[in-house]
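I'd like to ask you about the structure that follows.
Chain IDs A, B, C and D follow the sequence of writing; residue 1 opens each chain.
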């Protein structure tokens, strides 16, 4: 049984963490902070948690986070880098669901996130929390950088192809689509239902922060820099990410289906569908799964991989719980036995 | 003033044609046929047309279509090929909104559409109704094959690049997304709102009928066969198509923005947005426009083109009216002065 | 031909006005103001108006509104009451689409809107712009208070029953539902698609500002105060209002269907459906119509009226144009020949 | 540990039952039948159940249902009445999620459901499965008629008022709204997303089968026939029911809030919100809860009750599991510890 705190409990990532942790039998949530609604009952603020949790939001100052075994940061980018050090020094382990510790290349980070990094030494120490590539390091980590939602879906989709040197790594294309909850819970005109309902659009076409994160992941896999064209789109739905990945096949003798099945055979949260399958985001809605389908080329030697996740679960809070389980020696899937929410 | 008939007036293409034609000041709709609801008032069947049209559905037999100057087929594939000949022989011009006359390669057509073609000679005569490539031929045609929705969006997006030999034509990728009205108005489990609402998926990943249609269009543009990977997706919204198109740039000296602007400078229904623009499908909702944005490579020499249309207007009924205007010498935009329906 | 200005052109009411006015052949839009985006092209700000209008937003100061024949206020409540006087004094007529001049009872207004009224004399002069009850007065008015969206749908639904003294006026119930665009276009957490998508809720259950407006309308119809329970709900869609109205029948000999048909026989924008009809909001989407269906009691003497409008058209901008037509002697329906946007 | 069979496992009620039962630690699902897809793996048919269940659909003939302790019928109306007898005779207990045994008045049943009842004796024996009124009888029942979705929401909302004789029982009004999954999973034009997306409508305005079911429930509560006007509406979302209930208050001294809190104090699945609360359907999405809010009159003596449920859980499969728990002596909430799925 561990004591857990959540810094920033009013957004979607924070509420999804709460949804998962209140049912985890080895976790006691002892603090949830929010400056804006400190004093309010968590269950009053989050309409769906009535009866699930008896705890009020506290300020970070009064939250006694140093009494926790683990603190999750479900805060905007640029918060955890200021506050993690004190917790680590007090012996508290930390999982940051924001981007502060995701990129090892500080220059790249500072360019994309538009701020000076406050804790470069912690970046170096941080372990990137994608269990499918970093399981052992996560288990031992004091500080875990929980991956972005797009990077989770895209990395897991390209990984088998790049590890097998099956495709041209300099010409990768990721056409990705996300539900609106991926943009977070903050006042915004662009994310009003009257703006994004009944419409579909690309965004950040000039470049998106998740692109360098994916490139770092793939670089580790292949050892040479990859070329990635990454175009995100906004889907008029609440949850879900679909990534359609395109690459030019360079080894025609490979059985792609078996390549993927073998790579992920032992992964509890990656599910490779039979050849010819169609993937819908709802098939993973509410679960911690990444489901993949690999399509033999229609022609022209282009392989297509589809990857779907729930952006708030495997793309955020669920993966954070998976990392927590690894860090504290629990079964990796503990508290994550979630059926897909269909229809 | 011309007399116009519509064969098959209960589907979305037929009702959109009606919506446009009742406001076209040079058109009198004299017949709308439907076997299933013959005798019913059109305005009773289509909730939005009350007060707009006084006409009941008739059967094809009683519709006196040969009195028309023009007949639109808004029928399932495989209908017009049986019925067009008699009309043409009677001096009636025909626009088929289905796929019967879209492919010049009969073998390919028969393989994709799973039937033997009933009127090969008419295929040869038919003019492909994309005004941006066939304006003069359409004006003189007796029989026009109105393009598919995806082919309209994808062809217009790739065309300037291929005409300028700017990209590798053997490695084209089209990641396309459509609202659910593209699948038509027929009883179906897969298209129930409870099935496709709040979810996003690819479909027809093994191959889609619109792929060979696009390839024929592009072949005409460049003179050599193109290689196209085409993956359609279903978006939980009613109307709209977005195509994200990817190609490998082979001429780096080109100003892509100016290439597109020049190509479409005189087109009334193609609008090239300023560099850096983001396109949303609602910006063309209810209009006959195709809006395009071309993105300079993010790296790796891949050019990205975005193309959006309303699948029922420029992708179907609106383009049919545009073709009708050309065929009868009206201003091409007559009856198509439609503002985007936002929000 | 008249010159028209719009104060506040960035919201949904303003953009809908623009959509309608750019196609109105007797109107020249000479100024659209917005402090926040002054200098920006209107067509750049509103994605759907590219090519429809060549005008940049101006500040109210530079807009030369006094050169207009008519100025629309599409501003938040509390703006027009400060600015209308100067325009009226300069001979400009004014239509306020906000609530400043809707209630004759100033005390009630000040209680519901939480401010002191800045122009009580103008309240007295203002004509309530519901043509179905005030046509002649509107035609002569200098200042028109354009009705709220709910009051339009509810008033038109109850009116025939109350005028005929057919129901108990002390026990009226209006269960109303609106799409999210009714809440306007401003940064808001509650109206994010991730908050209101895939959910349905009541709101303002303690009381809503449109309730006293409806009561004033109905009081005029019957001469005695009415009792109205009014519960608004938010529907996960962009446009449309449905009102289900319940009243206890007191005259059983009446033919309700004929009562409604007679009352609205000459109204261009009220359409009474045949008995037994079901109304869907999309049947009026994009139009200036109010469609009504009256249901004979299922039992217990309760009559049910359904009323649907497009909240942005008959519920706002369309009705404003209808009022403008009346004020300037144009055909009441000029520029409002709009087919329903279905599907 | 009990053995459970499901007759009719392809619809939404059946799949939701599966979702719940695969996680219930006292249940083994030994058979799921479907004539149309017999032989197909359940997890292949239901996209979200991959990895959750290893069982193929069987035909009713081969399913060995008589080996079960309990069989659920998740079939269309008119099926269970033919098949329940044989199972009961074999000692199997039965819960019917359709309407076959819901109405004690056979004449009324036959009129509304348009068929002759095949098992009148079983109707007499059947227990109406609303635990909040029938807990003891359910525990002992061989045959349980699981309530309809609307009747669950409406009955629980009116019950405290009628039991306390607080309102005029002859003038009840229920304005109810449902997501589209309530209409089931069958090919249908009216329920296509292109038909019901972005629109809101009433339906079955002439009368709905759930009206007499509610009236029977309320009759039991008050002992005299009630008068109920019941108008259902279709909301463009997948799951959820909201009922806004209106009644004329006859006892003004009552504290309505405390009346509701007292009535449901010990109910595990009814949650009365604090006075002034607003209810949204998502606050119960995926849970077995009915949440209620009672509003003091705005005036005119009309009390308003809001009631929300998930139509597939408390409105169908969840309530069936609750009944199963009661019948087999498990804790009533076993397997139903479900957090709301928000956002």
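Things to note:
FYI, a residue touches a chain if its C-beta (ideal position, glycine included) is under 8 Å from a C-beta of that chain, and two chains touch if they have at least 3 such contacts.
No experiment lies behind these values; they were computed from the predicted model shown.
Farthest from subunit B in terms of Cα centroid separation is D. Pairs C-D and A-D differ in how many C-beta pairs touch across them, and the larger number is found at C-D. Because subunit A and subunit B share one sequence, their contact can be compared position by position; here over half of the interface residue numbers appear on both sides.
If each chain is reduced to the centroid of its CA atoms, subunit B and subunit D end up 45 Å from each other. Separation between the centroids of subunit C and subunit D, computed from CA atoms only, is 39 Å. For the pair subunit A and subunit D, the distance between C-alpha centroids works out to 37 Å.
Touching of two or more other chains is recorded for residues 12, 179, 181, 185, 194-195, 197-198, 236-239, 280, 282, 285, 343 of subunit D.
Within the complex formed with subunit A, the residues of subunit C that make contact are 12, 179-181, 183, 185-189, 191-198, 236-238.
On the subunit B side of its complex with subunit C, the touching residues are 12, 15, 19, 22-23, 46-52, 181, 185, 197-198, 238-239, 271, 273, 280, 282-287, 291, 312, 337, 339-343. Within the complex formed with subunit D, the residues of subunit C that make contact are 170-173, 175, 177, 179, 194-195, 197-203, 205-207, 211, 227-231, 233, 235-240, 242, 244, 246, 248, 276, 278-282, 285, 293, 295, 297-302, 304, 306, 343.
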